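Chain nomenclature is as follows: A, B, C and D, assigned in order of appearance, with residue numbering initiated at 1 for each chain independently.
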Amino acid sequence: MTMIDASLVSQENDARSAELKRDYEALGEQLDRRGIAIEEIKNKVAAYGVAIPSWGVGTGGTRFARFPGKGEPRHIFDKLEDCAVIQQLTRATPRVSLHIPWDKADPASLKDKAASLGLGFDAMNSNTFQDQDNQSHSYKFGSLTHTDAATRRQAIDHNLECIEIGKAIGSEALTIWIGDGANFPGQTHFIRQFERYLESTKTIYSALPDDWKLFTEHKIFEPAFYSTVVQDWGTNYLIAQELGDKAYCLVDLGHHAPNVNIEMIVARLIQFGKLGGFHFNDSKYGDDDLDTGSIDPYRLFLVFNELVDAETRNVSGFDPAHMLDQSHNVTDPIESLMISAMEVQRAYAQAFLVDRQALEGHQESNDALMATTTLKRAFRTDVEPILAMARAEKNGAIDPVSAYRTSGYRAAVAKTRPEVSGAGGGIV
Amino acid sequence: MTMIDASLVSQENDARSAELKRDYEALGEQLDRRGIAIEEIKNKVAAYGVAIPSWGVGTGGTRFARFPGKGEPRHIFDKLEDCAVIQQLTRATPRVSLHIPWDKADPASLKDKAASLGLGFDAMNSNTFQDQDNQSHSYKFGSLTHTDAATRRQAIDHNLECIEIGKAIGSEALTIWIGDGANFPGQTHFIRQFERYLESTKTIYSALPDDWKLFTEHKIFEPAFYSTVVQDWGTNYLIAQELGDKAYCLVDLGHHAPNVNIEMIVARLIQFGKLGGFHFNDSKYGDDDLDTGSIDPYRLFLVFNELVDAETRNVSGFDPAHMLDQSHNVTDPIESLMISAMEVQRAYAQAFLVDRQALEGHQESNDALMATTTLKRAFRTDVEPILAMARAEKNGAIDPVSAYRTSGYRAAVAKTRPEVSGAGGGIV
Amino acid sequence: MTMIDASLVSQENDARSAELKRDYEALGEQLDRRGIAIEEIKNKVAAYGVAIPSWGVGTGGTRFARFPGKGEPRHIFDKLEDCAVIQQLTRATPRVSLHIPWDKADPASLKDKAASLGLGFDAMNSNTFQDQDNQSHSYKFGSLTHTDAATRRQAIDHNLECIEIGKAIGSEALTIWIGDGANFPGQTHFIRQFERYLESTKTIYSALPDDWKLFTEHKIFEPAFYSTVVQDWGTNYLIAQELGDKAYCLVDLGHHAPNVNIEMIVARLIQFGKLGGFHFNDSKYGDDDLDTGSIDPYRLFLVFNELVDAETRNVSGFDPAHMLDQSHNVTDPIESLMISAMEVQRAYAQAFLVDRQALEGHQESNDALMATTTLKRAFRTDVEPILAMARAEKNGAIDPVSAYRTSGYRAAVAKTRPEVSGAGGGIV
Amino acid sequence: MTMIDASLVSQENDARSAELKRDYEALGEQLDRRGIAIEEIKNKVAAYGVAIPSWGVGTGGTRFARFPGKGEPRHIFDKLEDCAVIQQLTRATPRVSLHIPWDKADPASLKDKAASLGLGFDAMNSNTFQDQDNQSHSYKFGSLTHTDAATRRQAIDHNLECIEIGKAIGSEALTIWIGDGANFPGQTHFIRQFERYLESTKTIYSALPDDWKLFTEHKIFEPAFYSTVVQDWGTNYLIAQELGDKAYCLVDLGHHAPNVNIEMIVARLIQFGKLGGFHFNDSKYGDDDLDTGSIDPYRLFLVFNELVDAETRNVSGFDPAHMLDQSHNVTDPIESLMISAMEVQRAYAQAFLVDRQALEGHQESNDALMATTTLKRAFRTDVEPILAMARAEKNGAIDPVSAYRTSGYRAAVAKTRPEVSGAGGGIV
């Protein structure tokens, strides 16, 4: 079952295939001169997938306001359909990552719906940064690190429930991100708070199926504004080390201090066997959750340069999870997610164009100029024909945004999905 | 009318007055040796006031969640009562700043209520960063700078309405802060967008009463995450200059890029006659809206060092507005605002302890060490006895938090103010 | 006269011209489909020039150490020869910017030497951030803003001398960057210090020839680490405004606070007629002075997007100066400057590929996704064939680094230029 | 032997002792009411010492210039004398930390000289970030991580030599800070570079005497501007863990990314037994190396809050080294180091005023306001009388700067120490 009429996609592609073929051949010829077989790059791209977070298909917002669009998904089943559109047109997003309790539903129904749409499930995400109705203990002052044991237990139990749901739907990982921290110096005792964190996560870890992974995610600030419990990769690494072999660090590109060299953090985690995966997005100021590659595409490329380096070296155990995690405040989320998935593919493809043998030679001889030029040459190659050809050959759209707009999907779903009020609280 | 029984405050003070007297005298003796008359400082403190933003008395939140406390104010009249508690106990917050439409109500009722509580009204705040129910045009893509003229007109009209309400209740200033900007490179044309900003604000400015001031506020990011129209004091200055003599720049301490020297910006605006006033708060990462002085009290002192320098030099036209602007996510807002008002007073008092003649001498002779030591000496003086004495003499509380907690005010209002659900949207 | 044998360049080009022709044609065909005439872009590129700072051809360093290379230029005449190599091979750097007193020499000799090398002179740079031997007054505590009038006068006189030298050699601009500021709160009085700055620069301005421009440069920190007198574009704008019509703001890409949106500053200065020009480089942390485009090439493109937008709109008086300003610590400066000049050209060429009519449409209709995609499409186009063709047609090198290395220029000059010791002071 | 006439110090103190006594008693009475015995705090302060880096007594500089003062120390023996002045007047700096090769001299002479001045030796510092004359291999492209084995060996050998010197003079620790990193993406292979780092430091570690500690120091940037090998505490922790029980992390307060919560890093390292010690200084923008506590004294207090918390809890193995590490560009280094040593003592004393039992109670009950107020109350207490009394009782100066200036020490040594030229290289 496809959400968008396959013939519409075909028509869209037909109008573009001649030009695509020409550009693909011209690029192929150029790459051939550089000793690169374009087909191999295309196959890599075709085999690549990045997961969609279920919450990403809804319009995001800030503490000041949220401005919903038309046809906002009402529930996880609507969200899965939106995800299916993204996958149909880009062929780059085969899995969806659920967030509990937002996406809580009968596991069998979830599985059926996803299967019918050709989608699988990625990591499970727990939520202990908000209070839910009828919740016994508030997370106002923390969840897994709360000073009150009952509150911690509630947060632990919620994570255990996420594992159970995940097992039922075929997920193989749990991602833990918490908002715990402090807004004031002295509000919490750093060491005791982190001890509680480790104790709580150890309990969760002990319930993890053997073939699962546990991802913990660090973030320098927000929602806590003086300190966060898992503030950086250093603390994240300590956690993974304390918990055990199934515990890994998740890197969200927007969760770092200003100026930090993220690609080096990626390299460190690869080296020490603890790179769990990514939440891709882009940012200019903080955890802006902007579209991946929209602000600093070269930084994205440099991250993928590390990943492809590890892949090429066949680093043992190297198998990071890839997911988008963005807040779409001013665009149609489906469009942003399609573009972002392709940006990730683009960086992946470009990283394969790096002449790694030459690079290593320049590194060994300290030829900084030629080393960096080797990366730049790969980066500035326009690999769009490769991405488009990979999509076309898998019945995706050569131009996904055009196909999507032509399809009228958003207007169509807006007929059955009621308008959402642009509620804005008094949160300033 | 006092919100808290005056006799309770008296009792609280009686238990503390002997010790206060002793500390005040010891400090007075010490200051006397330094050539400072403690009474003069106390009088300065006693005459000082910082405005409370009406929205500050409600529990704040983040895009992830809001965790309301007990007895949240339901409307502006509740908020005014909370503000009256702060003023009663601290005697440092005589005015309240309203936010429209959140605080919209019959002006006469507002005035009566405030008068009965001994409060006045500070600057009016317009809101075009959220959509209100039944609003014709959405601000999703901007308000005063929107590409659509009708949307801009709606935002202008809203500001004109704010002026009208302000006139009716005795306000004398309008503060404009907008969320307009962009989340993507290319989303807006910087120059055309700013031209629209100037055109819109000129229209508002032209409706300003002769004795009013217009405050515009800059902010580097949030809710827009790639660019904001009024991103820094440079743009803010251009605005004030373009609009005219009644237009001034408002400085919110949390709205700057990392590492920026805020006290120097204050000095520049003083020098060029465009310092309108302040939104006080503190921050560690971004616009964290933490309690004033809670993260970097020396920075607050350095800002007041500039203000007291200008006051001492009798700079012509120097009369900045002072307001707190914080988000109280994990504390009782009344307590945070009381503490914050006192922190502002503390910085003000300490700045008066600077030996300005000696400082100028050190500056002229480039004795950097003694110059900075002169500031430090003032800063490290514990002026708490001065603040407490000023409060006590005006029938405020020597220890406002203790008096407040003893009074049981929060529990009392919680009986009539219904519990608010800790709603958290799917905004991630 | 050419520094490198023209036949060597020809041979190098001959080996590459067939492939270049093929790539150029393929790109031309692709651009033609997008409605762009590749020849026009090539002509723009061919007509473009960016100035080389004379000090850029020497190896740079940090406060910790400097590691000179072989064949370091001994004086301005050696430097001019190195600059001539860059211009010969890239045809993108027709002018050299002198720094006084480092480059002080007989003006006639300077002019003759430059003329013989086919070079012209760009803006003059004064130096009051260092003490020179036999200097009467030290700049330890400031130069143009020093509290001592005689020291200020000395700094003013030095700038007047720079103007005189510039007049003699055909320069038409003076760039003032000073290290004045403070390392301690209180060390200087912000307002009095800036008053002295304005007084000093007004004196210099009054001596400026009618057809000259005065560029002032802002910088957030270093060498002063608490405050700098011209800390940001806001202060820089005030200066240009106070001085007069010939005064403009210079933007160095590395002189801003973290996260600041530089392209918007460029737009503001364009809008208010005060954009004087650029010091191009790249940075990750501070004023790193890295090679232009080496860290964030998209940011460079976004700056040029503003410049080409203004050029396309024929903004009155728009004529910014372009200069590289980098510190080459680990590369051969000639190679880095060639690559950097081409990176600037690349951004310039890419900015011309932006479909500005479509962009404006997307901006007007708030189609953020298509607006940013319009920019991205231009950015990801590999314009290398255009740059190479422009070089080849002007007898530059298709691959300048290859031609340079083949020429053996560095080894040749190392024979006559003595080795420099890697002096490192005890500055930590 | 004292550098400054003891009778001069006595006279200075005599003029101040009456007032000091009065202030000390008033403070003692106030602290007594808070349940704190002032004598205990004074004893803590009196027992506290922070090391002086030998290079700190010379005037520092930037890559732009250095402006030496009068009477600059010529060699380590002059430096030791300057350090002795600091210790004599403050009684807070009993040890000196040497830097090799800058301070290389006959060990016996060093020991004798130090002993005669009442000084001991702190950690040894190696230098592989500069090239020395007659050095076989350059560190331009790295030292302990260089791709060339012979260069690494040279750097290792240098560190081994530092250990030997240290053993001879009674040091018990080696501090390794290197400038290795990269200025360009791709210049180095992150993983291979770090593998070389670990291999080199393991060789050094294996030569460490049993009772020594090895301190490694992280730094986010400078002199490398794209990446540094030991960029943050995460990498630093990995090193300490890989090396063994004698390896610890050194925290320099100025070596972090903007906005980073340093006190939490301190807490993490305490918790995991790897806090080696500190290089104290202050900063506003980068590694500004400003005087400790001069920019953000509350941050310094918060660091000491963690240290005193650990000390109070008798954390096993907790024994961090304390050293100042600053660059004195515009002050007399002796004065800055005296003031800085006292600022460190001040933070230490204030941290002891924290009511830790009350604090823990507020933390447990999530009373954020009272928790932070508990810290603030300690911080705002003016402990100057405690510090001064501790100094006076140990024959130090009540007002060290006054005593120093009165002594005419600088002018006296300037007679025998030749003037140094304010050399400034062409490093821009």
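As a convention for this text, a contact is a pair of C-beta atoms (placed from the backbone, for glycine too) under 8 Å apart; a residue touches a chain by one contact, two chains touch by 3 or more.
Chain labels with UniProt names: A, B, C, D = L-rhamnose isomerase.
These numbers were taken from a predicted model, which means no experiment stands behind them.
Note on connectivity: the fewest steps through touching chains from chain A (L-rhamnose isomerase) to chain C (L-rhamnose isomerase) is 1. Set against the C-alpha centre of chain C (L-rhamnose isomerase), every other chain centre is closer than that of B. When the contact pairs of A-C are matched by residue number against A-B, A-D or B-D, over half are shared only with B-D.
With centres taken as mean Cα positions, chain C (L-rhamnose isomerase) sits 42 Å from chain B (L-rhamnose isomerase).
Chain B (L-rhamnose isomerase) and chain D (L-rhamnose isomerase) have Cα centroids separated by 39 Å.
Along chain D (L-rhamnose isomerase), residues 140-141, 183-185, 187, 220-221, 226, 258-259, 261, 284-285, 291, 294-295, 298, 330-331, 366, 368-369, 372 each make contact with two or more other chains. Only residues 19, 22-23, 26, 29-30, 33, 258-259, 261, 284-285, 291, 294-299, 330-332, 335-336, 339, 346, 366, 368-370, 372-373, 376, 379-382, 384, 401 of chain D (L-rhamnose isomerase) touch chain B (L-rhamnose isomerase) when the two sit together in their complex. Listing the residues of chain A (L-rhamnose isomerase) that touch chain D (L-rhamnose isomerase) in their complex gives 140-142, 147, 182-192, 194-195, 220-221, 226-227, 231-235, 237-238, 256-261, 263-265, 267-268, 270-272, 298, 302, 305-306, 309, 359-360, 362-366, 368-369, 371-372, 374-375.
If you check the complex, the residues on chain A (L-rhamnose isomerase) that touch chain B (L-rhamnose isomerase) are 55, 58, 60-67, 99, 102, 129-131, 133, 138-141, 179, 183-185, 187, 220-223, 225-226, 258, 283-286, 288-291, 294-295, 325, 327, 329-331, 421-428.
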